[in-house]
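Chains: A, B, C and D, in written order; residue numbering restarts at 1 for each.
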Amino acid sequence: MDEIEINSLAEPDLRDPVLIEGLPGVGHVGKLAAEHLVEELDSELVRQVYADEFPPQVTVNDEGVADLTCAELHAVTTEGDGPDLVVLTGDHQAATNDGHYRLTTAFLDAAESLGVETAYALGGVPTGELIEEYTVLGAVSGVEQKATLEDAGVEFRPDEPEGGIVGVSGLILGLGKRRGLDAACLMGETSGYLVDPKSAQAVLEVLETVLDFEVDFSSLEDRAEEMEEVVGKIQEMQSQQQAIPDEELRYIG
Amino acid sequence: MDEIEINSLAEPDLRDPVLIEGLPGVGHVGKLAAEHLVEELDSELVRQVYADEFPPQVTVNDEGVADLTCAELHAVTTEGDGPDLVVLTGDHQAATNDGHYRLTTAFLDAAESLGVETAYALGGVPTGELIEEYTVLGAVSGVEQKATLEDAGVEFRPDEPEGGIVGVSGLILGLGKRRGLDAACLMGETSGYLVDPKSAQAVLEVLETVLDFEVDFSSLEDRAEEMEEVVGKIQEMQSQQQAIPDEELRYIG
Amino acid sequence: MDEIEINSLAEPDLRDPVLIEGLPGVGHVGKLAAEHLVEELDSELVRQVYADEFPPQVTVNDEGVADLTCAELHAVTTEGDGPDLVVLTGDHQAATNDGHYRLTTAFLDAAESLGVETAYALGGVPTGELIEEYTVLGAVSGVEQKATLEDAGVEFRPDEPEGGIVGVSGLILGLGKRRGLDAACLMGETSGYLVDPKSAQAVLEVLETVLDFEVDFSSLEDRAEEMEEVVGKIQEMQSQQQAIPDEELRYIG
Amino acid sequence: MDEIEINSLAEPDLRDPVLIEGLPGVGHVGKLAAEHLVEELDSELVRQVYADEFPPQVTVNDEGVADLTCAELHAVTTEGDGPDLVVLTGDHQAATNDGHYRLTTAFLDAAESLGVETAYALGGVPTGELIEEYTVLGAVSGVEQKATLEDAGVEFRPDEPEGGIVGVSGLILGLGKRRGLDAACLMGETSGYLVDPKSAQAVLEVLETVLDFEVDFSSLEDRAEEMEEVVGKIQEMQSQQQAIPDEELRYIG
């Protein structure tokens, strides 16, 4: 196998397709959001990206059949006048600095082969505390993109997130910008301790407005309710124990 | 030396040869099983695979003679009507993600140069507790392979093992499948704390049925008895100490 | 993207330009000093160095606009008869040994494309205790460079710093020397626990003398005063607690 | 700079030159021994090996002059009828698996360019306790080399050292053997806690016999005496404190 191999399964006919990236990260916000689009809308697997940067691993499906780990691009057609989507999902980021660059370059190549000229990288931004109101933070490759996003409720805070945006989401902006793509990152606020379907929904609601499509949220709301119960138990523990040490507030998902 | 070098020592005449892989892993199940075949059956060393992914290391034999670490492919001829075997053994997996991909590619290249079109990757699957009944779990590259394995007692459980199959065994399936090989993984259940000759025997008994050969198990049974004594001591300690913390149940081999 | 890409933004007309390197390191002495030159003097961004050795990261500015992490070379013109400067700044060193070599090679290539034949690598040298008098230690690529630096107050101590000079600063000397560059390293003594603007000023005062330019220090002095307060609090804690264990004297910045 | 660069400084006229390798390792036995040969005998620096596998580092000499880290090959001419030596010294091993392979390949290339057909890799083998009698263990690339070494007092123990021989010393044997070099490893027993000049002397005494040369040991004996004092203090501490925990018996050098 080469370092990276892009496997083309179909050449869909898409209207002004927009790349939506959602790989694992803080609160799994991006991954939950991207997978929700693939599951709820009319989608077709069109590209697989294999890379020796991924763990040396196969996943086993419910039939006992094993397949090599890869990232997948799905063509998603939406109703209404908005653009179609190319949704990038997967189970892994890269394992090294240069691997992240090589991998994101392959993702952008695959997306461009499908006609993509605009990209949204989805993710979470950790606040360190349980969220009441789900704000979505934004960052853009060009200042002219801000107005539309602000109209859809996205907040821009100077120099935030403080440590920049890391991983594939960051490079979708950084490398995308260098090759002339309009790219934005939408980051749902999330505690950072929990898989957060509500934050994923907040991010998707922004996308619905900006890209003019609709998606049903009931399955995501079900999952959110399950997490609510976990949150409830944590809060109960906190009120009982007065002060719970930070180290015990590990990631739960 | 190149990144990987395949040293050809002999070109054996093999009947429908099947690759059997057994490198170090959970419970050393795969390695014990593969080495047992090489020791008990009529075998010849036919390929050595050197790789700069392996530790920079020589092993010293009983004569004081040092040899560079490598993986070895042995041609194993079996009695009866079943296929011959190409058994892959060695002391190391790769040290990096991309190294695993490169190394498995070299193993598959070496096996194909010997006429292999089918592969069995042997390994262990950790259960976290001492095993009473040695079940063998399976995963396959194609669903049509399941019936034969199920007839030989292999269990297929949906989406198991949960974290997928990692390392060379996983890639024998994943990369093998991508180049058209029929590949299966046979995973003996094992505690995960002990080198487990009984689990290796359970895996080999499946192979005996599927590939129609016989092998004597007395040396493996002797080794199992030694391990039984270790297990006995652990259980004694457990009953005395009521509860032994999980962290103290380290790997013993 | 290639492993390393040098982006040329301008071809300034510089008088005998001298490379000044200041990347993150002990006490952030080099970085503070280099950034101070860029901010206080007449400077123009002329080269950006992108590298897959850098973290996969974008930084977000006060407008919410994201840019790929890079190192930057600024053309700095000075008043008086001294040479002009090419100041190298950035937020990251490399993440691997070979990455440091590749990155420094790119920095030297970029500097040479601007006409640089002399280089000063700025950094800090940790003393393990709070500094009263800010000495600047030196190391040179050739013994003939010492006299001028000694006249400017730089101390040369045999075989110091004991562990050599690591990172980009070290390689500016080592790789620079191998390609015929006159290179020197100026290392401000610093505790190693604190970001140290005073040590940065001490290093810059040497440069002022050697390269015959002047720079205003008031902003650096303001920052130093803030750090003084931190130092004051540490000393107060020390006098109260008699002996403070070394491990608690962590890096504060 | 390329990944590895070999800098040729001289083309000495050597009689049947034998490579002697001594890089940092257990007890610094190999390094002490190799450096002692370079210091005490008639030696000339003939090759420098630069590699981006080495730390990104310059060393600073007693004049304050910095030089890029490298490994060095010295031509050493001996009196008497024995062969001349090519002594390989340096401050670093490689940082990665594949780096060790690339680096040792470069060392063997450099040695062969000087006419070397035989190699001795020097090192220490840790015993975990203070040494009374300094035995030298051996390992060879071919069994025919054993007799001469055994006559010189070298011990060969089946399958020892248990974990094989790692690092450049191991690969001098392993890669050397693969290119037809007669190679042996001489490993002085050493506690593993201390820099051990006595073990280095034991190894050199074997070389004196095998290669028919003489070297003065007084400087090594002086250094050994300094270490004896350290050993004495440790033993005193041990007798006072009855039992000293293993973890406190750290490496002292």
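A few points about this structure:
We take it that a contact is a pair of C-beta atoms (placed from the backbone, for glycine too) under 8 Å apart; a residue touches a chain by one contact, two chains touch by 3 or more.
All values reported here derive from a predicted model rather than from experimental measurement.
Taking the definition of touch as given, a chain qualifies here only if it contacts chain B and chain C alike; those chains are A, D. Chain C maps onto chain D through a rotation of 90°, based on Cα atoms and reported in steps of 5. Interface residue usage between chain B and chain D, two copies of one sequence, is largely distinct: under half of the residue numbers at the contact are used by both copies. A centroid comparison over C-alpha atoms places D as the chain most distant from chain A.
Centroid to centroid, with C-alpha atoms defining each point, chain A and chain C lie 38 Å apart.
Mean C-alpha positions place chain A and chain D at a centre distance of 53 Å. In chain D, no residue reaches two or more other chains under the touch definition.
Contact topology of the protein chains: cyclic, one closed ring where each chain has exactly two touching partners. Every pair of chains in contact is given here: A-B, A-C, B-D, C-D. Residues 94, 97-98, 100-102, 104-105, 138-143, 146, 156-161, 163-168, 170-171, 173-175, 177-178, 185 of chain B are the ones that touch chain A when the two sit in their complex. For chain A in complex with chain B, the residues that touch the partner chain are 1, 3, 50, 52-69, 95, 99.
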